[in-house]
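Next, two complexes with chain A in common: one pairs it with chain B, the other with chain C.
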Partner chain A sequence: MKNTIRQVFHSPKFVVGFVIFALMLLMVIIYPIISPGDPLQMISKGSFLKPGVYFSVYDSINTNSKTIDLPEANQKRLANKLSDTDKVSMVQWLTAAGVPAEDIDMEDTTSLIKLWNEKYDPTVKPEGMTMAQRNFYKRLDKSLDNILNEQPLVVSAQNQETQTLDEIKRISDTDYVNLKDVPNVKVLPLGTDNFGDDVLKKLVSATKTSLLIGLIAGSIATLIGLTLGLLAGYLGGFIDDFIMFITNLFTVIPSFVLLILISYSIGQDKRGASTVAIVIGITSWVWTTRSVRSQVISLRNRDHVNLSKLSGHSLTSIIIKDILPYIASYVVMAFILQISTAILAEASLSMIGLGPKTADVSTLGLMMDWAMSYSAHLNGAWWAYFPVILVIALISFSLNLMNTGLDQVFNPTLRD
Partner chain B sequence: MKKNVKRFLSLLLTLVMVLSMLTACKSNKTDDTSTKDTATPTVEATDTPTAEPTEEAVSPGGELPRNETLYYGGLQWGAVNGWNPLSDDMNNALAITQAGGGSRTPMFETLYMYNMLDDSMTPLLADGDYQWNADRTEITVKIKSAAKWSDGTAVTADDVAYTFDTDVKVKNGQGVALAPYIESVTAVDPSTVLIKAKLDDNGKAVNPLLVVAYLGQTYVIQKAWIQKVEARCNNDPAAIKKDAGEDVVYSGPYHNFYNDDQKVVLIRDDNYWGQDASMWGKLPAPKYLCHTIYADNPATEVAFKAGEVDVDQQFIPNIQDLWEKEGLPISTYLQDAPYGICVNMPTAWYNMDNPLLQNVSIRKAIAMAVDYDAINANAMTGQSPTFKDVPRSVMNPTDGEQAKYDKDAVKDLQWTGSDVEGAKKLLDDAGIVDKDGDGIRELDGKKLSFVAACPDGWTDWQAAIEIVAAAGKNIGIDITTQYPQADVFQSTVTSKKQTEYDIFMMWTDSAGPTQPWGRLRMLTSSEYNGVDNNWAGNWGHYSNKRMDEIIKAIPGESDPAKQKEYYTEAVKIYLTDVPSFSLMYRPDQFHAVNESVWTNYPENGDGNNIPPLVLLNGYSIAGLYKIDLVK
Partner chain C sequence: MKGYRKYFGKKIVWFLITFAAAILLNFILPRLMPGDPVAAITAKSAQGISDASAAQEIYNHYAEQFGTNEPMYVQFFTYCKNAAKGDFGLSFSQYPRKVSNIIGSALPWTLALQFPAIIVGWIIGNVLGALAAYIRKGFDKVLMPVTLFFSSLPAFGLAVILMIVFAINLKVAPISGGYGYDLIPQLSWKFVRSVFTHYQLPFWSIVLISIGGQAIGMRSMSIYELNADYVKYSRFLGIKDRKIVGYVFRNAMLPQITGLALSIGTMVGGALVSEVIFSYPGLGSTILQAVSNSDYPLLSATTLIITIMVLLASFIVDIIYGFIDPRVKAAQFD
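The block that comes next holds the complex of A and B.
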């Protein structure tokens, strides 16, 4: 046994797969500890917040500020509001409004903005300009408000009694706060999704659910497949025919169709994660049965089995002691593949709206389903679906890699 | 050696895959910018692939000249069944849609066009304003002398009268809806129509509002054509309603050019009577109206972004990203949130057939706990005024309707949501507590466990229902969500009695000449209880005697002060009993336009007073005469 394990861990493929899988498991276990909280809590108002660090504007105003004089600060501020293409558009509008070309200096941003503030009139509808273009200029104009204003900004609060605005603080353009001093900082490494949930937190919890579904479904499928395969292969005769008849029936019906039908008939109210796992498990045992049976048939007439039979060992004892060890490696590999298939099956099911309940758990498939319904893929909100795809890919990649690695160790014909 | 080759190959393959993924991401972006100025016509299956796209050579089903065609999206799903306006199931969104908030009139026309912006009626086939008699029991309408059918004959009062009689006789949607309120429509002379309202015991009109609604809602169909259909159907109402009406005579500016399961194309009738100075004075700008039939909303959205759809009627999440981030030439009626005129109120209804939901504390608690801001921000992505901006009542957010009730009188009843503690307290006080410690409260030994449902694929509704379910979780009420197919959902909800869904989402009436009365009736009137195949309202089977009295009294009341009193009392009852609760305000039609080819669409404050209803509904059709090609 020890030797086998050492052998297994010498296979580079297995090791790579194992490491990826172990990392994912670690992540699933550790991340909820360092970032506790309900993964289904809608933290943001407004969907698909970009990944990044969010810190409270309210708190940062109340945090002690330091003065830092950066030479580039104003230019950066300008460039953030006003790109080169925006400047070209401004020049176009000004020209269309009849400002002589020699008065416009695109290089000198400050004078351009001043000219703009002077000439721009949002109510004018230049000939041939579409609503979209006019709206663009209105937005641009709005974003340029106060851009040249070097006066400090005044923050004020409304006095409850007099309803007047009382000044609280003046903020100048050289004021900075240390992010560490701001009490409320929320890091959203993967932004939020359509419900305003933290995607990373949800992803970790979804990975856990999906792994669990995979594990349950894989165990069920392997158990059924193994039992039927062993019985059919070892006993033969009528029982073999009968089991193979059922197996063939299931082989002919595409298992995914079966999966859809069963999931649909269960109804969403009863479709928890474990139910989905069980449904997947009982629809995907067929190939395990077939291959276990064929392996057992070749083992059935080996000498040691016949010896056991002659010695009067019971059926269960022969199967467990004399046959199972020979196919154990195969069963383990099949089990790994079953897990991977089950995770994919759950994802596919949830994608077509037949997965577990959204309000209860998050699964990888459900995350994809909602990202798709809210057309995250069309709106460039990659963080809502790409990490999910990556996790699904990594899970099945690592499991398959482990499987191939094991295959190389156990199958002499594949050895280097 | 062999192995190395294999390894190399696999490496190469991986590289190719990664690269292709990267380029896929990239090309998406370049597509967006390139479509900005190149408006490519939709490529469709053409019967004549060699046909030149010149004006003369356009064959039905052939490629349409892009700069003469206005492309629609989000209205038509599946192939049309026919062109018979007497039928209710032609599945013909562009040509046949009759609704109280303004019917679509590109092919068939109504007497008046309703305008939700100022609640006015603009004459279409009619000439001048309609006249009530002194008792408000009869309306007289004149017919425009210029109005002509497509076969050149004049539109007469006889056509109007005969259409109404036929609608009633064949019991189609219009006939069934209006017969209880309109006694008769008769022709006084060829150009004068007299509409008599049904009278109640006191000699007053049963419902004058619905008589007015008729003017902007019901198509006028040619008598001669109806008689032709009647003759070929042997006067069998069912057969008349099944007739596909391919030979139909129409009065509108467009008619059938080509349709299959890929697209529907209407072509302009250049002899349209409306070019007469007494109507529009010109023809509508696009020669063709085309609606490509897309598989689903995302497919439409892709086409819309690419400039293959000009006017799109669909919910697009975070629509502002289309112009702010992607710089596409796309606009909505309002430049800022909520981007449209929200007149509809998708509502979650409680199924009163469930004994647990007959408990008002439970109904109110769930409604109080729901996070409406999250629905607004996340489900509607901000495309709706919040319930803080527009406190809940039975009125939509337009100023006209908001003025119809006394806000201060119901202030204490209007909840704004997210009030988990308040909801918990309400339940605790009512003795509805969790006795067995499983986190779910019980009433009379029964667990508070409900099913909330809405149709599958209605994204914003589904997200809203999820948020309702989350609210239940917060206050110890188990709510599971279900998304059946739309037809299954609707046939369940409209049945006489159902036990499948405890909380379900349905729409309410939008703006219209009968509003907000019509919406109040829809939300609360017990007249619909026990009616099978009930599409009219009160799907939760709520019943309140006083409410029924108010609903009966309002239409006949001409004194605005008294009306306001009624409405205020109705809102009070509605907010106290909570038979349903609105989840959001939503436009009647989503209206987003891509200005790659056409421009000068209606926009807020342009002085044209054209409502943003995809240039089709009611007075919105005036937009077709205003739009222009982009220069």
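The block that comes next holds the complex of A and C.
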């Protein structure tokens, strides 16, 4: 046993897969400790907040500000306000005024504005430009100046008694607050989703639920598959025929269809995460049964099994002591595969609206489903779906990698 | 030819048995759902009617039309009789449209999308797997992790990624649908071109997914065969390498063909979800529609059609296998 484990950990593929999987598990366990709270709590109004650091505007006004003079500040401010069409117009004027094209860089707004301030002259009349166009450029230039008027902003509050606005504070364009002094700062590494939930927190809890679904479904499928395979292979005769009949039947009838029909007939209200896991489990045992049976048949007439039979050992003890150890490696591999297919099955099922009930838990499939039905992919809200796809892919990639590694250890012909 | 009769006869009997089981499951499972679907649609159309007897009247009318007032076994025989005629009753959600009509308009899209995609993916996957086994070294080292990663991606994940890259960022393909929104299905050059461009992304997403699993399976089979005794013996005899490789891959192909017959069901399942992502007007989208409107006649008919499709496909593959595998032929002369 010890030796086998050592051998398994010598396979680089298994180790890589194992490390990825262990990291995911660690993340699932540790992250909720660092950042406690209900993952399904709606924290933002409005959906699909961009990932980033959010700090309270209210608090930052009330925080002591310091004056910092940065030479680039104004240009950055301008760059933020300038629209793409304005930039295109500016480039057009500059080219018309005879600035060489290689000096103009559309992408670098700061340098574009610098260039504009140097070269723009309202009295110049570039060739072929109408009066209206020249006036447009005058307005554009003026609006750029207005953004930079360097007048302080006035913050005021309404007086309860007189209903007048009292000035509280003036904010000049060189005022800065230290982020550490602002009491309310929320870091949303992956933004929020369509409900306004913190995506990262939800993703971690969804990963946990999906892994559990995989584990439950995988255990059920492996258990059913193993039991049926052992019975069919070892007992033979009528029981074998009967089990194989059922197995062959469910091999050709697509399990996805069964999954749809059963989940549908359970009904939306009763479909919790564990129910879905059980349904997936009882529809995906056929492959395990087939392979366990064929291996047991080849073991059945080995000498050591016959010897046990002659010594009067019971059926269960023969199966446990003489047959199971020989197929254990295979069963472990099948179990690993079952976990990854179950996670994929849950996700696919959720995508067509047959996943677990949304209100209680989140699963990877449900997150994907909601992101898609709120067209996150069309709104450019990559944070709502891409991490989900990545996590699903990483889970099944790591499990598949572990499986290939095990396969190479136990199946010497495949070794490099 | 006489020898084949037993093999094909067995396959046909088996096909009929699975077919019967599929129909039975398709009939029973959706009807186990708690709640009365007829009551739901009565509630919809009887909105605002306060008279209880009038509402009851409407309920009875619908119950009669959908046949839900009969006992289960009578319903089953009517179902079988009607299904044989291609009549699956009326859809709940698109009442009074016929289920067979809805499926009839979705089926060609699914057939034209999935089977070519699965076969192309299977061929490419097998070629890559065989090459990886034969060349080993660098090619294998790069190809294996890549295919393993691709086969780990969920079908819908790959579909979304392809859509983001090619339809939204590069704008070289349309985002969704089976043809342009501004077109009516007809046999014009413009329509055919629109269908073709809409076909690309769903097609390649299914192909890429099926490549992975096939390549991995083919690689293992080929490596196994390359190490077999007959290969070593042939080398001792001095048979040309090219000829040996031919033998090896023919032997390795056989389990892959059986594998195709057995995995068509799983592949179709994944491909249906890809259809949903691209809003492709096929059976995947029909399932989504049926589920979200609790339309069980539509759902059960769609799943039945999918099951029949898969059963037929694996039956055909089995028949082809019978012709290819020399062992089947040999077994007939015993």
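Keep this in mind: the second predicted complex is superposed on the first by the 352 of 416 C-alpha atoms of A that agree within 3 Å, B and C clash if a C-alpha of one lies under 4 Å from a C-alpha of the other, contacts with A are read in each partner's own complex, and residues count from 1 in each chain.
We take it that a residue touches a chain if its C-beta (ideal position, glycine included) is under 8 Å from a C-beta of that chain, and two chains touch if they have at least 3 such contacts.
Since the model is a prediction, treat every value here as computed from it, not as a measurement.
**Q** Taking the superposition on A as described, I'd like to know which of chain B and chain C A:130 touches: first, second, both or neither.
**A** first
**Q** Please work out whether A:116 is in contact with chain B alone, chain C alone, both, or neither, and reply first, second, both or neither.
**A** The answer is neither, since A:116 touches no partner chain.
**Q** One more residue to check, A:234. First (chain B), second (chain C), both or neither?
**A** neither
**Q** First (chain B), second (chain C), both or neither: which does A:393 touch?
**A** second
**Q** Name the contact category of A:378: first (chain B only), second (chain C only), both, or neither.
**A** both
**Q** A:410 in the overlay: touching chain B, chain C, both, or neither? Say first, second, both or neither.
**A** A:410: touches no partner chain.
**Q** Figure out whether A:138 sits in contact with chain B (first) or chain C (second), or with both, or with neither.
**A** After superposition on chain A, A:138 lies in contact with chain B alone.
**Q** Between chain B and chain C, whom does A:40 touch in the aligned arrangement: first, second, both, or neither?
**A** first
**Q** Looking at chain A, does chain B or chain C touch a larger number of its residues?
**A** C
**Q** Should A:353 be classified as contacting the first partner (chain B), the second (chain C), both, or neither?
**A** Touch partners of A:353: chain B and chain C.
**Q** Jot down the residues of chain A that show up as touching in both complexes, chain B in one and chain C in the other.
**A** 267, 353, 372, 378, 380, 382.
**Q** Over in the complex, which chain A residues touch chain B? Could you list them?
**A** On the chain A side, the touching residues are 40, 42, 44-48, 127-128, 130-133, 135-136, 138-139, 194-196, 267-269, 353, 357-359, 370, 372-375, 378-380, 382.
**Q** Per the contact definition, I'd like the list of chain C residues that touch chain A in the complex.
**A** Per the touch definition, chain C meets chain A at residues 14, 17-18, 21-22, 25-26, 29-35, 136, 144, 148-149, 151-157, 160-161, 163-164, 168, 175, 216, 220, 223-224, 227, 262, 264-266, 268-270, 272-273, 276-277, 284, 287-288, 291-292, 296, 299-300, 303, 306-307, 310-311, 314.
**Q** Provide the residue numbers of chain B that touch chain A in the complex, in ascending order.
**A** Contact set of chain B toward chain A: 25, 297-298, 301-302, 305, 316-318, 321, 323-331, 335, 371, 373-374, 377-378, 381-382, 451, 456-457, 459, 462-463, 466-467, 469-470, 473, 479-483, 593, 595, 599-601, 603, 630-631.
**Q** Which bits of chain A are touching chain C when the two form their complex?
**A** Touching chain C from chain A are residues 248-249, 251-262, 264-267, 270, 340, 344, 347-348, 351-354, 368, 372, 377-378, 380, 382, 385, 389, 392-394, 396-397, 400-401, 404, 407, 413-414, 416.
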